[in-house]
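Note that the chains are named A, B, C, D, E and F in the order they appear, and that numbering of residues resets to 1 at the start of each chain.
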Amino acid sequence: METVQRRKVTIVAESILEDRLLGELRALGASGFTVMDVRGEGSRGRRTMDLGGRNIRVEVVAGVALAEAILAHVADHYFEHFAVIAWVDDVEVVRGDKYA
Amino acid sequence: METVQRRKVTIVAESILEDRLLGELRALGASGFTVMDVRGEGSRGRRTMDLGGRNIRVEVVAGVALAEAILAHVADHYFEHFAVIAWVDDVEVVRGDKYA
Amino acid sequence: METVQRRKVTIVAESILEDRLLGELRALGASGFTVMDVRGEGSRGRRTMDLGGRNIRVEVVAGVALAEAILAHVADHYFEHFAVIAWVDDVEVVRGDKYA
Amino acid sequence: MPTPIDALSANLLSPIVLAFALGAIATLLRSDLKIPDALYDSLSIYLLLAIGLKGGVALAKASPGEIVLPALGALALGAATPIWCFAILRRLGRFGPTDAAAIAAHYGSVSAVTFVAVQTFLERSGVPTEGFMAALVALLEVPGIVVALMLARSGGQGTNWRETVRELLTSKSIVLLVGGMVIGALSGPERFKSVEPVFVGLFQGLLVIFLLELGLVAARRFRDVRAVGPFLVAFAIVMPVLHGVIGALVGTAAGLSVGGATVLGVLAASASYIAAPAAVRIALPAANPSLYLTPVLAITFPFNLAVGIPLIHEAARIIQGV
Amino acid sequence: MPTPIDALSANLLSPIVLAFALGAIATLLRSDLKIPDALYDSLSIYLLLAIGLKGGVALAKASPGEIVLPALGALALGAATPIWCFAILRRLGRFGPTDAAAIAAHYGSVSAVTFVAVQTFLERSGVPTEGFMAALVALLEVPGIVVALMLARSGGQGTNWRETVRELLTSKSIVLLVGGMVIGALSGPERFKSVEPVFVGLFQGLLVIFLLELGLVAARRFRDVRAVGPFLVAFAIVMPVLHGVIGALVGTAAGLSVGGATVLGVLAASASYIAAPAAVRIALPAANPSLYLTPVLAITFPFNLAVGIPLIHEAARIIQGV
Amino acid sequence: MPTPIDALSANLLSPIVLAFALGAIATLLRSDLKIPDALYDSLSIYLLLAIGLKGGVALAKASPGEIVLPALGALALGAATPIWCFAILRRLGRFGPTDAAAIAAHYGSVSAVTFVAVQTFLERSGVPTEGFMAALVALLEVPGIVVALMLARSGGQGTNWRETVRELLTSKSIVLLVGGMVIGALSGPERFKSVEPVFVGLFQGLLVIFLLELGLVAARRFRDVRAVGPFLVAFAIVMPVLHGVIGALVGTAAGLSVGGATVLGVLAASASYIAAPAAVRIALPAANPSLYLTPVLAITFPFNLAVGIPLIHEAARIIQGV
């Protein structure tokens, strides 16, 4: 199986941000994303809301440039005031052209 | 802690494929897998079903050969007609003999 | 975006261990973690409980030393008797100082 | 006796029709209202089991003789409707065999919620129905899908029929409907009383919440309606009317009352959105899901709910001259 | 007629107050009791829809004239309360404009569950209320939040008001409350009967489970109470009493009965923990969530539930001299 | 008065027994029917709370004197049954101390659903029971587990007993049972009426759905039955009968009616599948879960449900000579 290298950005965020964040991912050019409901603890601890205030975890497989853009966007717009973290790593995919 | 390198295949697929896909993973020789319910958007967008039609995300930690076989199987059998994507990356595990 | 390298430990465990495991992660010095409900199969198969006995999947982004400590702790305390697996990989994060 | 117009407007103001409309409006307004997946799944388990249980209790009172002809009629409808749907979609609609079969499978099978809606309509209108109609839902669900899948494969390579049919017969909806019927028939009216508050008392109210979710989901497909083209839009309205009248005729011929003939007509008119999509997605992966989900959910289901049911009832009354 | 002390102790022994206490105790004992997220979400959908439906059925019977003055009164309360809350928090509490506005948004809006609790209290006490009070919940929910957000931005850069207001008006609670009211009013008392077992019969019992969860959640914030400081603790008790009396006065002036005036008072006294937190978190991300969630959930809600409701009812009785 | 055979066959046709069978059949047919985890969790919260509430209301009417002897009897059973189970499993079954203690913990504790099943059986048979029996469920749940864990550790290193006992006493089932009882007793029959439609009216129907899930789950363990060996299979049938008779004797000696003695017998006969597995998994991780879950879920629970309950009732009648 021939594979190509892509980047994967993972964002963990307060679930209240879901609609906004996914809209921004589309606007930045992501060809797709996968979302799951999670819970967590972090440095901002209980600052997230208790009721209806769970976290989501979003994964986006993307090219180097888009991954960089997503990471920068999240850092700029969310890190200061929201309970949001993000990380990037490398993955190998089969059809590289599928991912912007 | 001594660790060994293994491969991890992650598959995101229409949830209707769950039973079939997991059966095939067993048949291919996977020693285990972890499944979670997710939702997502991709190039095939709303082609997946709305009702009862969510996605699953399956992770399989495996040796190089099995990972390759799983990826090839998924690409051959699902990529054309189903809303399915897959990626592979490297992970370090403690007891390598546990993973086929 | 300037990023730094960190380690990510992923633990899949019987859900009954959740409270204990998260407490131990805090005690080991993790600055945070993300938890999700999953299901799975492994070599210990149906030894996990059926009722209320699902799995959790815990992710901890951490420095090299803490990641090593977590992995060692899990291997020492859980691998023998519990349906628990763990793996580690590298991730890039923006604000490295956030992660012990 | 209400005029057809009265019946139509009365139907439009029923809580379940209004709940569907509320869900659709919420989607169109981009509201953040979401029904949890687990609630939707739980409600559909509940509804299917309740239909089965009530049917089973009623079945226990029916004489086996009464049900033979209606059952045969239902089976005939299940086998025949996908055949002519397939032909129409191929010839007039110019769809490929796979897409045509996929759509035909949906219109050949039935929607349990539409069944419930017609029961509710008739109850509210004071029209009695034969107690065993729930058994016909179970009988009508599977054959239409199997026949349509066979049509798709008519020119192709062998498929695992045993497995496909096993999956259909052991699918959630059949297990709950048939299982519920057996439980209802075995435990009988006396023992059923203790569970009536849940399976009868709550039925209409929980249906309201279920239809709210169906409205939310159906409206997400409204914008696709244009994409599926005018032929399918017309198909999604004309076929239910046609099947409804044919079903009412078959029901009347099989000796059903005007209520029973209405129910059989509405069942024939309804299109499956649970069993058929699941089976078709697996068995005919090359079919385009938009071509079957959009007409079924965004057109046929709301059409039947709002207009089809009173219309088919009117047809049944004309047929039986009452 | 019971004495105030009787009413208070009777209220403390109601199943919903006790269920809240049980949840709080379970948290304090570090029990592993957890209400599934899906159940909490399902119950809150159910409660809002049920309030709306019952209100709508009652509204259908009310004459439009009756409701004009109380509605205006409610709107005035919604607009005015956040203004003085903001001023008090800025001047006396020395909070920054963002935190002050965030807190004011919560106290300017309402809690649907507190509304339900006062309705239950009055029913049990045999005190009638106007049927259209549920409409006031919907009217009171949004204005307080919008006014408070405007105060926060008074000196700042432009915000996307259109989008913020659209989100508030299409939020889950408004869609369910208003949608439920429209369904209730359109279908009317006769058709409503079939869904009554769910939306009326189950209401009190499901409320018990909901309050169990609220108790679990509120108690998780008990330890933060110290952190928010004595000013906010006092604010979270004094403002509800003040708003309660003002609400009862406004209600009386608007021609409401002693029951209706009590309800309007309790609505004014209540603080939002669903709509307001969601809107504030997005619109005022720099505000510290602990400063609004802890007082609202850990102090004001239980205070109103246990003490505020009988107290405000007593005030309404004194005001109306009954 | 029905003959034992009548009672047995009547019991086999009850909706809850049939629902369990339907679930088991669905698993054996490899149906895709699944009960959402959130529904299962919600139903178990509901059932435990409802048992507690109803018990509490009844307790409020009981005189404290009545309950002392039955409570002591229950405690004695909880302490004694794991001891002899342990001995039998060690000596006759040749299990290691850890596995023997793990199994003994399950048979020393109780199953709340089996309690509900016997209550339903007696109600349907018109046999009255003492109102305070729910209190005995709470009393019987914990001691058997603690005693068994102590046996496992008899030769071993120290364990954190304080923490283990705290976890057991604050576990979900105890909090809901005891908490429900306190709420029921404090609010009393009058205030309880408003929540009765949920906690009494829905009880039997929701139990049907719960047992459907238990059937689905239990049948997944059927194929393991062979693996656990004939000794454990026999143990899982003989011990319930033995404990049932002993429990009925103890109940009779403690002054319970034939209904009460039946309930105490069935409680003693039942094996825990919620509290015990959770506690044992943590406290005795080296024990093999198959050895306790398979007998409890796949043998003892269905045996008691279908056969044990009428059998033990017959024993109680013979003991009391009625």
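Here is the rule we go by: a residue touches a chain if its C-beta (ideal position, glycine included) is under 8 Å from a C-beta of that chain, and two chains touch if they have at least 3 such contacts.
Quick caveat, the model's predicted, so the values are computed rather than measured.
Colleague: Compute the shortest path length in steps from chain B to chain D over the network of touching chains.
Modeller: So the least number of steps between the two chains is 1.
Colleague: Which chains, if any, touch chain E and chain F both?
Modeller: Where chain E and chain F share a partner, that partner set is D.
Colleague: Please give the intersection of the contact partners of chain A with those of chain E.
Modeller: none
Colleague: Considering only mean CA positions as chain centres, point out the chain farthest from chain B.
Modeller: Relative to chain B, the chain with the farthest C-alpha centre is E.
Colleague: Check the residue numbers that chain D and chain E use where they touch, and answer same if over half are used by both copies, otherwise different.
Modeller: Shared-number fraction below one half, so different.
Colleague: From chain D, which chain is the farthest off, judged by mean CA positions?
Modeller: C
Colleague: Just how far, in Å, is the C-alpha centre of chain D from the one of chain A?
Modeller: Their C-alpha centroids are separated by 40 Å.
Colleague: Just the number, please: Cα centre separation of chain C and chain D in whole Å.
Modeller: 47
Colleague: I need the residues of chain B touching at least two other chains; which ones are they?
Modeller: 36-37, 89
Colleague: Going by the contact rule already set, what residues in chain F reach two or more other chains?
Modeller: Expected reply: 32, 36-38, 41, 197, 201-202.
Colleague: Following the definition at the start, I'd like every touching pair of chains, please.
Modeller: Applying the touch rule to all chain pairs gives A-B, A-C, A-E, B-C, B-D, C-F, D-E, D-F, E-F.
Colleague: In the complex of these two chains, what residues of chain B are touching chain D?
Modeller: Contacts found on chain B: 14, 16-17, 20, 37, 46-54, 80-82.
Colleague: Looking at the complex, which residues from chain F come into contact with chain E?
Modeller: 36-38, 41-42, 45-46, 49, 53, 166-167, 170-172, 175-176, 179, 182-183, 186-188, 191-192, 194-199, 201-202
Colleague: Of all residues in chain B, which touch chain A in the complex?
Modeller: 10, 12, 36-43, 55, 57, 68, 71-72, 75, 79, 85-89
Colleague: Chain F touches which residues of chain E in the complex?
Modeller: Within the complex, chain E touches chain F at residues 13-15, 18-19, 22, 25-26, 29-39, 120, 124, 197, 201-202, 204-206, 208-209, 212.
Colleague: Can you list the residues on chain C that touch chain A in the complex?
Modeller: The touching residues are 1, 3, 6, 8, 22, 26, 31-36, 61, 89-95, 98.
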